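First up is the structure itself, then whatever we jot down about it.
Chain lettering (A, B, C and D) follows the sequence in which the chains are written, and residue indices restart at 1 in each chain.
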Amino acid sequence: MSQFDDKPRLDDWSMAMRASHDVHEGMVVNLGMGIPMLVSAFVEPDREVLFHTENGIIGFGRVIEDPDLVDPNCVNAGGQPVERAPGMSFMSHSDSFALIRGGWIDVTMLGSLQVGANGDLSNYHPPGKIIGSIGGAQDLAYCAKKVVVLMTHQTKAGGPKIMSQVTLPITAPTCVSRIVTDVAVLDVTADGIVLREVLGGWDPREIQEITDAELVVPTDVGELSL
Amino acid sequence: MAVNKVMESFDAAVADVADGSMVHVGGFGTAAEYPSYLIAALARLGVTGLTITGNHSGFSEAQVEMMKQANLGMIKYPVDYVSPGLLVDRGQVAKGILAFPVLNRGLEVPFETLLKQGKVELELIGQGSLAERMRAARAGIAAFYTPVGVGTVVADGKEVRDFDGRPHLLEHALKADVAIIRAHKADRWGNLVYRGTARTFNATMAGAATITIAEVDEVVELGELDPEAIVTAAPYVQRVVVRPAEKSTTWSDPC
Amino acid sequence: MSQFDDKPRLDDWSMAMRASHDVHEGMVVNLGMGIPMLVSAFVEPDREVLFHTENGIIGFGRVIEDPDLVDPNCVNAGGQPVERAPGMSFMSHSDSFALIRGGWIDVTMLGSLQVGANGDLSNYHPPGKIIGSIGGAQDLAYCAKKVVVLMTHQTKAGGPKIMSQVTLPITAPTCVSRIVTDVAVLDVTADGIVLREVLGGWDPREIQEITDAELVVPTDVGELSL
Amino acid sequence: MAVNKVMESFDAAVADVADGSMVHVGGFGTAAEYPSYLIAALARLGVTGLTITGNHSGFSEAQVEMMKQANLGMIKYPVDYVSPGLLVDRGQVAKGILAFPVLNRGLEVPFETLLKQGKVELELIGQGSLAERMRAARAGIAAFYTPVGVGTVVADGKEVRDFDGRPHLLEHALKADVAIIRAHKADRWGNLVYRGTARTFNATMAGAATITIAEVDEVVELGELDPEAIVTAAPYVQRVVVRPAEKSTTWSDPC
């Protein structure tokens, strides 16, 4: 695919683990479908976080792995069964999105197809589809206090996903503040996209090569640690 | 004579749904959230030209069969699961007002097939604005301004206005002719409680239509539901039907 | 006060009794403060009516007379304790007014200071007050399917209350469809205010004399019966 | 360290309320619905220039004393009842956004006295639009169109627009700096349930402010509240204070 094929990359679980560092006690956190949903596994029980799922729970527990414990009426937005946890409550869809729209979500973590240098999020309309499904991501992207994107740094075909300007239809404009990829952690700032952490085995120039947007590289860029 | 909204059959409950009606279809994504028997009854009724609203456009009968057989997920598919996609696949739907009209990857659902063929119309909308438009219909709010969607495909043709320096879209109440929803328990007045995440769009759609029909697990005695915990108050519900003890395995059987 | 001082008049309870005839099984009914709140006493238990009070109950029972049975957290909008009844539910103020605004109240019965010939309702701002308290009556007046006013036919000073045009600030325009007074029952129609029933001892011309609005008097005007 | 929103005193809970704040004051009309201890704490704090919102402007201390003594109604006045009128009477209130600023007959409440003297400003609004403006603030809706109030005093200066041939008023979200409310039970996350008709404006105001402070009868263990019956979800509540076992009889005592 490219000259970087032999370089180390984080798997989905490791990306989720890195992203979990941005989840602090007391936060209300919404995890989107895909990689973001793995994040909760890395939040130890003594770090109390109120996980929200837009289909109508606040304060649920872990994703359930044992089929005998599954309750089909206690699932997250991805359809995964989740644990009933002390302090949780159920709400209707309109109440759930009132919570989102009202700005009560501290952090949402979303997957994406592309992110623009200005923070534009394009995560609903894959190339070639007649239309995309905008789902509940749009409300989260517009209204959460902080939007973190978890995605591979490149498309499967090796193309860039962090763009000077997104080429796919946008879910929400200028909303992303942090991107965690399989090789780096980047922040969207007024000065552009700043490279914060780089995975061991990569250097910043190599990250720039697989990124369409021009990166700001501080002198103290760190190593991505899990 | 006492107030009693409980009806004997799903077929009777939907009998007066007319061609061209707008129907709010409850549920969100997983099988246990859908008003399967009411969807099946609409399929049997054969009513056409429907505008359906909801999160997901749903799967065809064949796709549901495949999912029931494969049982890949953690959650078993109930034998009596009927997806709103059945109505789409049978050509009963003219338009969808939906947040998930297609799957973003994998399977091609009936709505996508028909959309490509120009046989259905789509109004794409995010879940939050869709849910709030239903809540507005129930609550007598004609329209509202939301920050969500400005500058995206869902804003096409909609008024934009600034409040506190932030642009907002004007979204209108979405009142349907009929809402078909799934709830857990009802009483004969039509008070409803839901079970867990099956509350979702079901509770949101209750009262967002001229006629709200609830498919329930059980009808309990008046007074048995905790007055502090009733989610949908009686006036919002016009008809109640109880799911059968013996599960249906064929949507086409009268029920 | 006037030449009609010695004529019979309904007391508050009798007016409420007459108004109760317009309450039918299955209706959702909101009774305003004052005389309207007496109406529920005349709805026998086997005529199932869902009484709504805007402070947040639907389906409550009778007003409680025995101090030992009082629950201070189960009161109507007038602060009277009411019975918990099977099928009732509590709701917040915003949910309660969603129910009102959405048009889910079949009949509301309200007291009033004046009613106009066009159905204008003036019931919140008594003469001489710097301001009136509009309370919850406005939402009810605009949004209930039917608005019935219960009031004495005349002011305490003997002045008219059913006006060709109201002189007090309006609560809501053209909303009243029926008026039950202490001497008559009248309907607001496109043709004006129609006299439907007259209390025994009065004739229609006498009713007209104590009414500012010009009344339409059908040939078959009935006697007001309780 | 665990999330814990429970605070030790009412004084501590309101200590950072600033002069000129907008305060949603919970309750509706009867004594048992009011956040009496939080009202008293604001009185002790002595903060001024407040805009208060709510149904009723409330009674003076003397009027409440009279009502406690007379006990005319069916419902006994609790000894620890403090009315929002205390704040008005003490001159702490610059403006009221209220549905019941004055009694339509009988007693002259402090707000009426000060209104006549030009010492307070009034925005009169019906209960429904007031409650919906609070709900909008909580739910991120900037403004909405309601049919209620067109052509009346509450419409002054407001935009009117037709929807389906019926005129509607544009009403804006009403987000306060602080909401002080009364609830029945809370947990340490701030989940709340109410008791009967004390739900009223208390539940409506929860989340309609930057800081929502709940005065509760009891704090229960996390998990004790039924997840199907929680009325106010934890994120809407920032602070919780428990009412004292021994009732206060003087609002001026630190508590």
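Note that a residue touches a chain if its C-beta (ideal position, glycine included) is under 8 Å from a C-beta of that chain, and two chains touch if they have at least 3 such contacts.
Here the structure is a predicted model, which is why all the values come from computation and not from measurement.
Colleague: Write down the chain pair with more C-beta contact pairs when B-C is set against A-B.
Modeller: A-B
Colleague: Express in whole angstrom the distance between the two chain centres, defined as the mean CA positions of subunit A and subunit D.
Modeller: 38
Colleague: Taking the mean of the C-alpha atoms as each chain's centre, how many Å separate subunit A from subunit B?
Modeller: From the centre of subunit A to the centre of subunit B is 29 Å.
Colleague: Can you work out the whole-Å distance between the CA centroids of subunit B and subunit D?
Modeller: The separation of the two C-alpha centroids amounts to 36 Å.
Colleague: Please set out, as single numbers or ranges, the residues of subunit B touching at least two other chains.
Modeller: Residue numbers touching two or more other chains: 132, 135, 139-141, 146-147, 194-196, 227-228, 231.
Colleague: For subunit C, give me the residues that contact two or more of the other chains.
Modeller: Correct list: 90-91, 98, 100-101, 143.
Colleague: For each chain, which other chains does it touch, given as pairs?
Modeller: Every touching chain pair, ordered by label, is A-B, A-D, B-C, B-D, C-D.
Colleague: State the interface residues of subunit D toward subunit B in the complex, per the touch definition above.
Modeller: Result: residues 132, 136, 139-147, 163-164, 166, 168, 172, 193-196, 226, 228-229, 231 of subunit D touch subunit B.
Colleague: In their shared complex, at which residues does subunit A touch subunit D?
Modeller: Residues in contact with subunit D: 25-26, 28, 46, 48, 50, 52, 57-59, 84-91, 95, 97-104, 143.
Colleague: Would you mind writing out the residues of subunit A in touch with subunit B in their complex?
Modeller: Going through subunit A, the ones touching subunit B are 53-57, 64-65, 67, 70-75, 77, 79-81, 90-94, 96-98, 100-101, 124-126, 129-139, 142-143, 169-173.
Colleague: Taking the complex as given, what residues does subunit B use to touch subunit A?
Modeller: Touch list, subunit B to subunit A: 28-33, 55, 73-76, 98-105, 112, 115-116, 122, 124-129, 131-132, 134-135, 146-154, 194-204, 231.
Colleague: Mind listing the subunit D positions that touch subunit A in their complex?
Modeller: Of all residues in subunit D, those touching subunit A are 1-3, 135, 137-141, 187, 189, 191, 207, 221-223, 225, 227-228, 230, 233-236.
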